[in-house]
């Protein structure tokens, strides 16, 4: 597994390469011209966010099975980063709509519409968590939510796609109607870059959480408050970042 | 200190009948606060244990953990041979719990409430058992009364019937005489009193009566730490008063 | 199984005695129809408008029942009572879903004829519509029970349940409206992609029943 520093460098490199390819290599779209290039950002963001939501559901299942709060942390952070990406999806989609159709919102782009619904659903994750005081129950209910919402995402896309199937859109095409290799390459690199960005952000946030958790444990010990023996208190706090993280402990 | 206690508990595996309750190093935390701290108890079948201590000492929490309603944060909990929380399902039908809430549905009658519980526990010959119990607590005439119309004392009497309806091996009582006038108390006592094959854990504020009861006593101090655990005769009244007077954390 | 029946019987008995959900839902629905009549300035509805008004009204009326679904358990210690008993958490889930379906069916038996009376020219669409509603009811009940149970344990429970539920219901709405719209077409019921939409509804039902079945034990724990 990559350390955090290596990961960050790889992410930056890939994203920059992706941008370069998008702007200097891939041809303009036949239909929509230059504006279409925003999809090299919009679609990878959407794909990564959606995969992120499914990953969160998987972590949630593991959390319910084992009761280990580490999985809850991973689920929470996955959703957090995916929701941020979701905002970016909506923003880029809106910009595209404005540039192509003159309106800030359109209903005939199924990805965008599905995303709006998914975003609204996951936005309730936070009020749900903060409305439950008991930490264990909060984590458990959050996991139940993550699993329910994870099951919802594919259903939602299916339904929206069926509803819009009479309308046109497809997003990537040149005059011939297909997608040339150059477009695929640019798209692939962008996707990889955004994916790496997702992983890096999640890792960063998890590392930050682990550190602050350890800090509060130490503080408690210093105050002399009694605390239950926990198996992970003896381990170094590193939920997903391996020990030689290079973040600097 | 914790180590020694734990080791001792493990060594004293009884050669004969298994303990009805065994707690070793039990901790329960709510958020950052410890409510039960390193509790060790062993109770043989048929014995009665009285739990005393000031408010906030974790007595109700302890009872709820024994009732399988709460999970321990750390430590070993074995009730009627079943390790909690994993094997809680095995113990549940054999435990009776009389807590602060009567657990009666307000819009059902007394009889309907008891019938509902009888069905949940799979009690056979439910009708005869229900009428017999209601008779013993003097509530027969009110069997058709909606639970919302009962006074607190009456509800407590019906709740006592509910708790023993399925002839539990382990009876957990949280201040059973609360809300009961002396007469009603006299009616309820035999229902929840010592019986063949019945182990009891009683939380009470009446520590003088507890100490002269001749059973075992568990005294919890503020913050849920064990102040005393052993035969009732071994705790002088003055010490018990001191436990109550101790400073809250 | 007997726990499921015991809990369902208890819920139905309490509802019959207190009438705290169904009459309110029915009144809400009828009032909403009248609001739509004036809001849309229409005295007849067909196709997508008819489907939308009927389904949206049923969905919002369902929220009233969803909010109250676990109120007895929450306020009267009922969760404790069920958790103490040797009963599977899923029996509680199944019983609540069944109870919600029962309330919705009764609601629709009252309000769909009223809707037809108010807005439809002919009633031939009603039998296939009943099938669509039946499938939608199951999905609505499954997600409603899930959302209600999650919101029940929290502080802002009356707000949280609808907030959780409404996005979850969008695919249900899409599928139900997709099936209902051609049924309510001006010239008589048509069956454009009827099978597809019923399949989507069925899939939705199965997915959320399974999710509820799988996670409900964890919702019940403390």
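Going by the order they are written in, the chains are A, B and C; count residues from 1 in each one.
We take it that contacts are C-beta pairs under 8 Å (C-beta built on N, C-alpha and C of every residue); 3 or more make two chains touch, one makes a residue touch a chain.
These numbers were taken from a predicted model, which means no experiment stands behind them.
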Farthest chain (mean CA position) relative to subunit A: B
Chain closest to the assembly centre - both centres taken as Cα means: C
Chain pair with more C-beta contacts, A-B versus A-C: A-C
Between subunit C and subunit B, distance of the C-alpha-averaged centres to the nearest whole Å: 40
Averaged-CA centre spacing for the pair subunit C and subunit A, given as whole angstrom: 32
Euclidean distance of C-alpha centroids - subunit A vs subunit B, Å: 48
Sequence positions of subunit C contacting 2 or more other chains: 221-222
Residues of subunit B touching at least two other chains: 71
Junction residues of subunit A, two or more chains touched: 133-134
Residues of subunit A touching subunit C in the complex: 64, 117-118, 120-121, 124, 127-128, 131-134, 137, 140-141, 143-145, 147-149, 151-152, 155-156, 158-160, 162-163
For the subunit B and subunit A complex, residues of the former touching the latter: 2, 25, 27-34, 37-38, 71, 73-75, 223, 225, 249
Subunit B-touching residues of subunit A, taken from the complex the two chains share: 133-136, 216, 220, 225-230
Subunit C - residues contacting subunit B, complex: 2-3, 5-6, 10, 13-14, 17-18, 72, 76-78, 80-87, 221-222
Of all residues in subunit C, those that touch subunit A in their complex: 143, 146, 150-151, 153-157, 159-160, 163-164, 166-168, 170-171, 174-175, 178, 196-197, 200, 203-204, 207-208, 211, 214-215, 218-219, 221-222
